[in-house]
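Notes for the one structure printed next.
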Amino acid sequence: TKTGELKYMLKKFICCKKGFIGCSDSYKDSKVVIIGAPMDLTVSFRPGARMGPSKIREVSYGLEEFSMYSMDSLNNKSYYDAGDLELPLGNVIESMKTIKEASNCILENGKIPFFIGGEHLISLPVIEAVSQKYKDLVVIHFDAHADLRKDFMGEKYSHATVMRRVAELIGGKNIYQFGIRSSTEDELHYARENTNFYPFSFMGHIKEVFKELKQKPIYVSLDIDVVDPAYAPGTGTPEPGGCTAAEILEVTLLLGDLNIVGMDLVEVSPMFDLSERTSLLAAKVIREMLIRMG
Amino acid sequence: TKTGELKYMLKKFICCKKGFIGCSDSYKDSKVVIIGAPMDLTVSFRPGARMGPSKIREVSYGLEEFSMYSMDSLNNKSYYDAGDLELPLGNVIESMKTIKEASNCILENGKIPFFIGGEHLISLPVIEAVSQKYKDLVVIHFDAHADLRKDFMGEKYSHATVMRRVAELIGGKNIYQFGIRSSTEDELHYARENTNFYPFSFMGHIKEVFKELKQKPIYVSLDIDVVDPAYAPGTGTPEPGGCTAAEILEVTLLLGDLNIVGMDLVEVSPMFDLSERTSLLAAKVIREMLIRMG
Amino acid sequence: TKTGELKYMLKKFICCKKGFIGCSDSYKDSKVVIIGAPMDLTVSFRPGARMGPSKIREVSYGLEEFSMYSMDSLNNKSYYDAGDLELPLGNVIESMKTIKEASNCILENGKIPFFIGGEHLISLPVIEAVSQKYKDLVVIHFDAHADLRKDFMGEKYSHATVMRRVAELIGGKNIYQFGIRSSTEDELHYARENTNFYPFSFMGHIKEVFKELKQKPIYVSLDIDVVDPAYAPGTGTPEPGGCTAAEILEVTLLLGDLNIVGMDLVEVSPMFDLSERTSLLAAKVIREMLIRMG
Amino acid sequence: TKTGELKYMLKKFICCKKGFIGCSDSYKDSKVVIIGAPMDLTVSFRPGARMGPSKIREVSYGLEEFSMYSMDSLNNKSYYDAGDLELPLGNVIESMKTIKEASNCILENGKIPFFIGGEHLISLPVIEAVSQKYKDLVVIHFDAHADLRKDFMGEKYSHATVMRRVAELIGGKNIYQFGIRSSTEDELHYARENTNFYPFSFMGHIKEVFKELKQKPIYVSLDIDVVDPAYAPGTGTPEPGGCTAAEILEVTLLLGDLNIVGMDLVEVSPMFDLSERTSLLAAKVIREMLIRMG
Amino acid sequence: TKTGELKYMLKKFICCKKGFIGCSDSYKDSKVVIIGAPMDLTVSFRPGARMGPSKIREVSYGLEEFSMYSMDSLNNKSYYDAGDLELPLGNVIESMKTIKEASNCILENGKIPFFIGGEHLISLPVIEAVSQKYKDLVVIHFDAHADLRKDFMGEKYSHATVMRRVAELIGGKNIYQFGIRSSTEDELHYARENTNFYPFSFMGHIKEVFKELKQKPIYVSLDIDVVDPAYAPGTGTPEPGGCTAAEILEVTLLLGDLNIVGMDLVEVSPMFDLSERTSLLAAKVIREMLIRMG
Amino acid sequence: TKTGELKYMLKKFICCKKGFIGCSDSYKDSKVVIIGAPMDLTVSFRPGARMGPSKIREVSYGLEEFSMYSMDSLNNKSYYDAGDLELPLGNVIESMKTIKEASNCILENGKIPFFIGGEHLISLPVIEAVSQKYKDLVVIHFDAHADLRKDFMGEKYSHATVMRRVAELIGGKNIYQFGIRSSTEDELHYARENTNFYPFSFMGHIKEVFKELKQKPIYVSLDIDVVDPAYAPGTGTPEPGGCTAAEILEVTLLLGDLNIVGMDLVEVSPMFDLSERTSLLAAKVIREMLIRMG
């Protein structure tokens, strides 16, 4: 119709910035599905991670689609940005249920889920879903904190207990923890006895460790606070003494050799990120991972 | 002992700023008990109200103890600041249970509870406790929002449903709502049929309404967003078009004629309050109310 | 297909927040078209208005779709949000050309354009397009500044000259200026001799003036700095001494009686708006106008 | 010389923004002398007023030189901006001595001093100097605080004692205090017995009071916190409940009928003024006063 | 009594966050005494260090009590947090006198003083007191600035002269300065001739130097600006080019071998620390030092 | 005259902070001329660089005039700060014309131009002028971005195309690019074939490269975003993964061996620089370069 044509004309002037930069319009043809989980119910120090997914998408347009790191472009990849999950405010159990159902849906469609948090607890239902599909799943966990508490203030489900719950699910020996520099004494004992634990500076170990993991299905859970607050101030529980932005970007190159079947990037909290460099770093990490996974 | 004396000497140099300005060291002899409820689990737009109680206490030292409004001083009053409740992060039901138990404790001791939020949902357990002690309790509700939803995103307990739950508890006819300028159509119908509803500009009505309430036990629930965001920007769901700071201070004078048996001031969110004027206004309102109630 | 079904399942969890709250998916069936013009090239004091459209959309979800002011809801209206125009950075002439072409496209489709700025200069190409369709067009201009300079630093096209250019186009007698409290001496003389000029406090005049305009096609150009910086700090050239948020909301009710054939809201600059109340006020004004126009 | 000429050529491209907007290059021919006193040593709640003078000058270029309020322009006036005094950090007595000497210098030259603070204590040495020249000096004091303490934390010289010191100097009956809404009980008693005291809302009284003062030499001391924190958040001890920006601008018109022989504007603290509207309001007040005094 | 019991019940719900995390209730049994000196009178560039002590305490609850760095916990240590000194605003001499008296009191009680600034000048009275008790005291000074001026703007006592005064007190040869990267030419000459001077990058020297100091009583004075502004932006005179957060944490391990008899951490200025990472780093350094010293 | 003398007396109290710290009053006798180009018309992600020059001057007073890096002082150098160019808002072509004319004027006077941006496009007219004087000019370019696009959104002149334009002017072989970590695929191909390209970490290469350049006239163009956003957050298009502040300061030492005939430092955007450390780093780099060049 005439109106249809005119509408098409209007579109010609429009700059469309919906979803992560370079994302495909077609869910069906995409290999990776980005999805936001804007939950920050159990964050202990400073809330605000719920605003992470939308801010990361927004600033992604400040980057190029081409990466000088990997010499490849998002334009050669196919991924869909599904937007944010609608999570009931104040209800942790129901929120996790929704996250798991969405994960199952993506996995059943034969696609790789890439969750953007939100707080770290969102990883648990995603890993539950992924581990049901991939029986010998390995979780690679980057974080300043061990997240291995038995419970937190009486609560079983918390961003401080999430890796303990994952350990109960897939076994501590299938968890590789990098960059941890804060824990309780109990968590430290648990880590030493149960998980593969690479605390503090980890760049020296990572290549060798990754070699052993090449045959395994891998889930990557990246808490942005593994990076030093100088490079990633916008997070709920910043912990001075972490790695640099350049180092976490180098990590993405090393992850490229692995068989990644799911990923999340969590705990970006835009309110403490006036310069937006935390969101930009997160977006750049996601760009690199999409080029490897897409 | 010698050490005791020396310790005493150290104290002489110290400026003690614990608790709300002018608060008593003695719980036993106090008439009003201030208590913080740092919960912000169901806040819909922007979290951060959990930091309200500690910020309001901090800035209270920027005020005088003497009030030119009431020509009286906090020094002539007796109130205790119990600090903040320890609430389990992510667990709404358990948090409300703790708030109710603390309220009961204060009431059983024959004291008046003065809660500082946190989000508006904290009012529900306090009003539950107060209404069990005072059978014909009237709730005076200042807010930009009706807070009368049946549920919010499927959740029964939310800062958007709190007054509906209160209405179910004490009857809508015992609720007086002032300053409401935002609601759903359903909430508006409910308010018109059930509560005493004074939307938008309310200063013209308030004197007459208060006259009728002089014989009743009164609970005051003051959502800081009833004030215009120009005067109170630091809140989770700011709604342009509210009253001025001077008007809400005038309200405190009018409340002085009533028999107030409990109160809360909620939804102060310091992260959006660079100039600290929202916290200062809250502290000033609390000072005036303590002078009336203490 | 199976994949199609599964995609449908994923959608069920998603909370879609694209475009202004409540906007329709159908351009064809919509009466009003919202469109962003993210240009801030000629802003004289502080840049940043380019971020206005996306921020206003984002915060619009902090409002209800139902309005207690007009007792009606966005749900009963039909408007389309076309997104932001793609404007060449640094090129004023080309940007204005794109804005005019987009305006023409909307007008030719029989729809009402509602532009969100961006700086005030964007109004010129929109008014050019609208005035070509409606020969006796009247422009109602709300602003702290007269915007009537002959040129600014040698430039003909500027946010400080926009109403002079409009006057040259449709005649000063068809321009009604409200709230002006800053001008050069030349601008003041020009205004007094050419336009309908209601400087400073204008609420007392507006009803009577609007009565005369009921038969005319009206374009409304609202520079957010007409509101006092206390209520609208997030703007490029704040000018203390303006109207309140409540007053500008009352203006939207009065505008409801007129035949509005185009509108813009300009100069919202989110970087100076930590509490987001400027964007929220803009979104609320837009909500009210959509209810009247939609 | 050739170089001289070329230098002149360079100047042609330069936009000179030194000193307050529109200030004269000639000290000799100027009637009013603006001078900054960047001291914030005794500020009790939040420091930062030292940055007031330079910020106010900077934002003054965001205003027009012409005023629609007074229908006159800074271009028709002659005032010199001497820059900021160099004050020894940490030394109150020495700082006050420097301020007094600079005041004397300006007065001996037959010019009117216009000080920009800095904290309110800077008014004392200026008033000392002015009162030595004008024997029956009257001080008009706008402030949220009485500033009438006998001492503050043991200190005689403080921004909380400044008007008590002035009262000891020129007699309380020569002080007119407007807008006070915070004091100790002692200060209030002192004010009632000694000064002309117009607390809280003062616009209703001011015209009549000013009538009596037409024959007197007047010094105006304007603490920006007399304005409500909504309009002037950038100050050290904000006190909710003050006047509006429009009201303080109206005050400048009324002051135009008086014989002003000295003035200060104090307590602007840019760090709490993200939107810069406090500095802009201060600059606008100064513009209006310069038009009246210049 | 009944009331006493009920009060006890209330306490059960309360989360007590007074003082630095993990501090003891008993002054008598504590080994280290934390005390705040909220003075910022002589800060040259940007004030605000007075808010350092309270902010550092507040954010300390964002850390764990257990340290993975030292494999020990604050729970095994005993230290008391005395709160902040009450210092007369604007009076440097009186403030230093109070700080010295408080230091003497702590030392006479056989305890180790740990001062939190405030500006660097506060170190002088503490070192005076400590050096009277320990005759061969060595001061280890971490700073971006030499702080060795003879006077500053005519003032003998200033944060820019503090180490010169200390040198006059205990001899320059007993001062070890690390990380200095800013000085006047005079200061540099003075340092080279008088103190042990390790400018710029110092990690390579520190182990060896510390070996020589094992037999000595040591006072540590840590100006947070020794750390690069990327890691510690919240300070009054940031100087780009400093050490990392990880390096200053490593320093705390090395200090563990020394006999520390007093310490201060100064110049944290929260107003320039939106992300709170400067305060968090300060709190983490204090945690590590308490574990070594407690 | 008497008045003249008194004026002199006033000056004695004044602290003059006009221009960059230590700048000379005499254009004629100066070797280097600092000049601000406050243009930010083509900045793609976040505007605000126009405020760079005035902020950098302001914070320069937070540094010492003496440099411990170069063991020399600004006091021994002679440079003039001409202030900011007056550029027509919104007109790129006219702005570049003004910049070129000012550059010519400085060069014709036998002085070295040192431009402070503003956005990177300002380098083009300066380099045009300098390359006309020095025929075999070499440009050393530090940046996170290649700035080698053929055009940007259809525009030939943009901060994203500036080095492509420079290459067309002086030949790509005369351009040395350091630190680039973001480009399109086309830019990368262009760089590899045309310019001397040292992407990512460059400290290892720089000494050797500079050796070859000792005989050449050198223009240095330093985009502050070459430094990691942790150290320089205040910029328009931050790109995580850059060099440290210490490294860029080391670069200034290495540049000291070259024959620098012109320089610019661009893209400092103060609005995203709450802690002011980006401006401080820029000022420190300028101090070091002035010591080398002056």
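By written order: A, B, C, D, E and F. Residues from 1 in each chain.
By definition in this document, a residue touches a chain if its C-beta (ideal position, glycine included) is under 8 Å from a C-beta of that chain, and two chains touch if they have at least 3 such contacts.
What you see is a predicted model; the values in this text were computed from it and never measured.
**Q** Could you figure out which pair among B-E, D-F or B-C mirrors the A-E interface, over half of its contact pairs being identical by residue number?
**A** Equivalent contacts to A-E are found in B-C.
**Q** What is the distance, in whole Å, between the centres of subunit B and subunit F, each centre taken as the mean of its C-alpha atoms?
**A** The separation of the two C-alpha centroids amounts to 54 Å.
**Q** Taking each chain's centre as the mean position of its Cα atoms, how many Å separate subunit A from subunit F?
**A** Subunit A and subunit F have C-alpha centres separated by 38 Å.
**Q** Indicate the whole-number Å distance between the mean C-alpha point of subunit E and the mean C-alpha point of subunit F.
**A** Measuring from centre to centre gives 38 Å for this pair.
**Q** Provide the list of subunit A residues touching at least two other chains, using ranges where the numbers run on.
**A** 44, 86, 228, 230-231, 274
**Q** Chains as vertices, touching pairs as edges: which of line, ring, star, complete or other describes this one?
**A** Graph shape here is other: it fits none of the named patterns.
**Q** Under the definition above, what is the set of subunit E residues touching subunit D in their complex?
**A** Interface residues on subunit E, with respect to subunit D: 40-44, 47-48, 50, 86, 88-92, 94, 121, 152-155, 157-158, 271.
**Q** So in the complex, the part of subunit D that touches subunit F is made up of which residues?
**A** These residues of subunit D touch subunit F: 1, 3-4, 6-7, 9-11, 13-18, 27-28, 33, 54, 58, 82-86, 98, 101-102, 105-106, 108-109.
**Q** For the complex, which residues does subunit E have touching subunit F?
**A** Residue positions touching the partner: 44-46, 180-185, 188, 199-201, 228-231, 233-234, 237-242, 272-274.
**Q** Show which residues of subunit F lie in contact with subunit E when the two form their complex.
**A** 61-64, 66, 68-69, 73, 228, 230-231, 244-246, 249, 274-277, 280-281, 284
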